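What follows is a set of structures for review.
Shared chain: chain A. Partners: chain B in the first complex, chain C in the second.
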Partner chain A sequence: MILRTFSNLCAQSQACFRSARAKSTLSDVIDETGKSGLILKSLSTDIFENLALEDWIHDHVDLQNRNMLFLWSNAPAVVIGRHQNPWQECNLQVMRQKGIPLARRRSGGGTVFHDLGNVNFTFFTSKKNYDRHRNLQVVTSALKGLRPDMDVRATERFDILLNGQHKISGTAAKLGRTAAYHHCTLLCSADRALLSAVLKPTCQGIKSNATQSVPSPVKNLLDEDPTLDCDTIMDSVASQYNTEFGFSSPVTLVDPSDELSLPGIQRMACELLAWEWTFGRTPKFSICTTFELKNDTSICNATLNMDIKNGIIETCDIEVPSDWLPVELSREFSLHLIGGKLCPYQTSVIAAAFLRTIPQNKEFERKMYNLCRRVVFMM
Partner chain B sequence: MLSHSRCVTRNVSRFIAVISQGNNVLARQAVSGLSASRSVTVNNPAKCGARSSVFQIRYFRTSSACRNEVITVKTPAFAESVTEGDVRWEKAVGDSVKEDEVVCEIETDKTSVQVPSPAAGVIEELLVPDGEKVEGGQALFKLRKGAVAAQAAEAPAAVAAPPPPAAATPPASAVGPIPTTMPPVPPVPGAAISATPVSAIKPTDAPAAFADGRGIPARTEHRVKMNRMRLRIAQRLKEAQNTCAMLTTFNEVDMSNISEMRKAYKDTFLKKHNIKLGFMSAFVKASAYALMDQPSVNGVIDDTTKEVVYRDYVDISVAVATPKGLVVPVIRGVEGMNFADIEKTINELGEKARKNELAVEDMDGGTFTISNGGVFGSMFGTPIINPPQSAILGMHGIFDRPVAIGGKVEIRPMMYVALTYDHRLIDGREAVTFLRKIKAVVEDPRVLLLDL
Partner chain C sequence: MAMRVAFRCLTANFSPVLIQRSRPVQISASRLLWKANPAQSLSTASRLSTALKFTDKHEWVRVEGGIGTVGISKFAQEALGDVVYCGLPEVGQKLEQMEEFGALESVKAASELYSPLTGEVTEINTELAVNPGLVNKSCYEVGWLIKMTIDNPAELDGLMDDCSYEKFIKSLDE
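This part shows the complex of A and B:
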């Protein structure tokens, strides 16, 4: 596969057209090449930069008579669909412990775990030419090209199954006003233990009408055949893309942090990083759960009821048996959480400040502290 | 058509009234605003009466479609023979949308389809609840076509809305990288405090236009409800102030020796411990040393049982300003730590604070607080005790000052330090001795080694 960096491509087209512009943007360069098919590969493994690049291409490149394939992979991250609930879909405490970021993409669908052993393909087309089956055929044909007797099949739900039982790829898509993109994952050599550890709910008792993921048994292609690594597969899919659509495009490397060629991309990446997008865009939901509170001498069961809209706690009711802790304390604490984000950090700050204001009593202090920690743990 | 002309007359008459007030500037601006628009688009006749300022003439958009037509927008047909999807609203009733702006997204089978608005207008009604299923061709929402609703009315509402949810924590003054001051106690005003409650104060009328023809800036005010946490902390602070016999003693510290020590060892320190050697560790260690020496400063009065609680350990709370507000993480067991350990802990806590990862256990408790107003350039000041503790050390800025040393004037980098303490528990002698001990340790760390 001929690999070129974006600057090579830029230099080539600039030389061809002797442009007087100081620096062209990626879409200018693409238009100048006059090609109807392009393959891009990301130089970054940052999930936010790559998602921002997808959005940038969708918004700025003229896709009416052009198709594009974008190849990318990321350092460990969890990606939830546009209308999903992160508290329901993934274990935020484990992710925080392991430093795994959460990203919300703009396309629909379910939650996926990304790491460097997982490859992503994004197929950009005009709305007219949107055809997910054809795109998935590119992937399955590429795999079959590498291993002719491997059983890989695309299902009606746009998953790709290995040997008819294990899911190796999931799909999501977005239809904009005039253009569309369809992206899918492919499990080559992902960390399956980590995958199952993070794809569990953060807390119990969540009631929500957010899009729910459908869990499936997964397998790595590398387990099936040790010679199938990410780079081999990416090259094969790129070739097959050219064959299927009749293009002759080399793979061009792109740096998603290059603001000069991709004006506005930093702002797009910042939007994706913001709490308001990742957590704040969760459809309205409620948590209704019971939990145990322990201290050295006693144990009791407490209940928590919360309504959350846009990630902000709208109503909160924490009930603790009055013989364990005075009702006013738990009630006051509940009231203090209202209007705050469903965020462990913000809640910890409120809890710490609250603990300093309660009248001194070693026993109540201890119990209240336990309650605060337990509530924070659910976020 | 009738309603349209009625509103135009109303606006014109108001504009004439303004001219008659002798307000030439506004009249000139209004004239340009009115003449620029070929047809003044009226949004809603009912809303017209509420307008009192002439400024909103500028906000009327020129538009050829100036009728208040309500249209029903239908769900677009789905691709690939999909029949239904879930609707997720992006806009709410009453929101104004521009042409082609996304009103909602429909999730069909892993695909998110955007539904743009066919024209500019205001969302009148949402016909399907959020998350419910819709089919292709089904009525989705009603849009009232027309100009964008006056932004003047929206702006104050938008301004009022963000502040309440923004700070559930007590907001700090500004962003600071390292420990900073607690909110300082404002000075007591000399004159008698007026008894007029704030709610009785009416916004004063605007003065006449400036002589040089400049426009008057807006003189509005907006009210933001105090959040519950802030109210509670304020209450606790006042209670503490009312029960404690709070007063402050001052001293000054010559920072030359410690600066020299820092300069001499900063590279080796960085190499061995991977973190920078700052001043905080010196003050934290000095405080711990002095607290073990003066146990009453490390103790606290339990008002309910009328006992004094003396503690054998030293947990020092360090006030840190973060963009989201003031947080007070605690360094535990300082009496057993050396400078390197303290720097490491401060660094860890600082990192956690920066990454929004501080947990309840990081911020709970503390027997003594240190606050650093020096990062903001404070020279001198009285910190306020952080209840339920008995004392707080305030560090201020390091400034070169002429001081008398051995009968001669020398320029030394000097820092004022302040100790606010509860006189019910701590006597003047103890407080001063405590502060002098801190001064002695920071001015010459060998005091620690020799346990002097």
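This part shows the complex of A and C:
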């Protein structure tokens, strides 16, 4: 598999036109190659840059008579579907502790964990040529090409199962104005312990109509065959893509942070990074949960009811037994949270300010502090 | 076997003959038309769609009292498959014609929705939050998506009436 950098591709197209050109955008260069099939591979492992590149290609490249395959891998990240609820899907606490970002993609589907042991394939086509089965066949054929005895099959839900049991790939897709993309993951050598830890939601009592993930037992291809690594698999899928669609495209490396070749991409990545998109686009939901509050001498149960819209707390009612804390305190704290983001950082700031207003009473202060901490922890 | 759906982008180029059938935008005229056809049944999709204008992205808009009700066509909901979630805009959001205003998530994909007109969202169909399948079951009636003001009524002239739309979807199959 010949690897070319984007600048090589530029040079090639410039040579074709026998004139020196100012640096073109990626879509200009692609048009100039005149090729109907192209394979791109990302130089970046940043989830937001790579998702932005997907969007950029979808918006700017003429895909009416062209297919493209995009190969990419990311540093650890959790990626939720467009209409999902992150509080319902993943362990935000653990993610924050480990510095694992949350990303919301523009396609539908469920929640996945990405790391450098997971490979992503995005198949770009016109809407007319959108065919997930065919795309997944490229992947399964590529794997069987490497290991003829391997039992890998695509299901009706467009998952790929290993040995009929373990999920090694999930699919999601987006249909736009005239073009479509279908992307899927492939677990090669992902950190399964970390995967399980982050995909276990900790926020209880959520009532929501957001699209929910269907949890499945997973496995790495590496567990099946230690000689199967990400690069081998990527190469094989790229080859198979050419075979399946009758192309002869080399793999071209692309830098998704290159604003000159990809004008507007930095803004797209920023949009994907913004709280308003990752958390704020969560469909309206409510939380109704009880939790324990302890101090040295006693325990009690508190209840929390919240309505959240666009990630903002619209209503909040925290009830604590009156013999534990004066009702006015928990009520006032509830009021302080209304209008704020369901965000532990912002809530900590609000809680700290609130705690300073409590009348001098060590016992109340401690209990209130515990309550605040518990509420922040839930976020 | 995968569904092959042709969602081609066409520029609107309508034959003069079709203009006779298109409904005027003014409120009083459309009310007159309803009165003139008392026997008009609303039971079939094709009859329903006589009051509708269509985009080439398969959205429809029905104008009543200066407000446009927007939904997706039967062709579109069939192509989408079972809708599992409707991602709709906020009331008050301003939309430009052809601007993306939301997405319908189905088993097939997340499919973007494009505004047929320029205007402001006045209402969203909250029923869809609990029953997104209404978009499939009743795409012209209770499965409507949003209501919006019509800032530029001339835009309606550029949309297809039911006849043109039927021809358009037939041409997609070819």
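Heads up, the rule we're going with is that the second predicted complex is superposed on the first by the 375 of 379 C-alpha atoms of A that agree within 3 Å, B and C clash if a C-alpha of one lies under 4 Å from a C-alpha of the other, contacts with A are read in each partner's own complex, and residues count from 1 in each chain.
Note that a residue touches a chain if its C-beta (ideal position, glycine included) is under 8 Å from a C-beta of that chain, and two chains touch if they have at least 3 such contacts.
Quick caveat, the model's predicted, so the values are computed rather than measured.
Student: Sticking to the clash and touch definitions up top, decide whether chain B and chain C on chain A clash or fit.
Tutor: In the arrangement built by aligning on chain A, the partners chain C and chain B clash.
Student: What is the contact status of A:211 with respect to chain B (first) and chain C (second): first, second, both, or neither?
Tutor: In the superposition, A:211 touches chain B and chain C alike.
Student: May I ask you to decide whether A:178 touches chain B, chain C, both, or neither, giving the answer as first, second, both or neither?
Tutor: In the superposed model, A:178 contacts chain C only, not chain B.
Student: Output check: A:82 vs chain B and chain C. Expected answer is one of first, second, both, neither. What do you get?
Tutor: both
Student: Determine, under the contact definition given at the top, whether A:298 touches first (chain B), second (chain C), both, or neither.
Tutor: neither
Student: Name the contact category of A:134: first (chain B only), second (chain C only), both, or neither.
Tutor: Only chain C; A:134 stays clear of chain B.
Student: Which partner, chain B or chain C, is in contact with more residues of chain A?
Tutor: Comparing touch counts on chain A for chain B and chain C gives B.
Student: Could you look at A:284 and tell me whether it touches chain B, chain C, both or neither (first, second, both, neither)?
Tutor: The answer is both, since A:284 touches chain B and chain C.
Student: Looking at A:110 after the superposition, I want to know if it touches chain B, chain C, both of them or none. Which is it: first, second, both, neither?
Tutor: In the superposition, A:110 touches chain B alone.
Student: Counting clashing C-alpha atoms after the superposition, which of 4-12, 22-30 or 76-84 on chain B is the one that bumps into chain C?
Tutor: 76-84
Student: Take the contacts of chain A with chain B and those with chain C, and give the residues found in both.
Tutor: Shared contact residues on chain A (touching chain B in one complex, chain C in the other): 81-83, 106-109, 127, 130-132, 172-177, 209-211, 283-284.
Student: Which residues of chain B touch chain A once you look at their complex with the stated criterion?
Tutor: The contact residues of chain B facing chain A are 79-80, 86, 88, 100, 105, 107-114, 116, 130-131, 164-165, 168-170, 227-229, 232-233, 235-236, 300, 302-304, 324-325, 327-328, 356-364, 386-388.
Student: If we count contacts the way the header does, which residues on chain C are in touch with chain A in the complex?
Tutor: 1-2, 4-9, 57, 84-85, 87, 103, 105-106, 108-112, 114, 129-130
Student: Using the touch rule from the top, collect the residues of chain A that touch chain B in their complex.
Tutor: 81-83, 96, 106-110, 127, 130-132, 157-158, 171-177, 209-211, 283-284, 312, 332, 335-336, 338-341, 343-346, 348-357, 359-361, 369, 372-373, 376
Student: Give the list of chain A residues in touch with chain C in this complex.
Tutor: Where chain A meets chain C, its residues are 81-83, 106-109, 127-134, 172-178, 180, 182, 209-211, 283-284.
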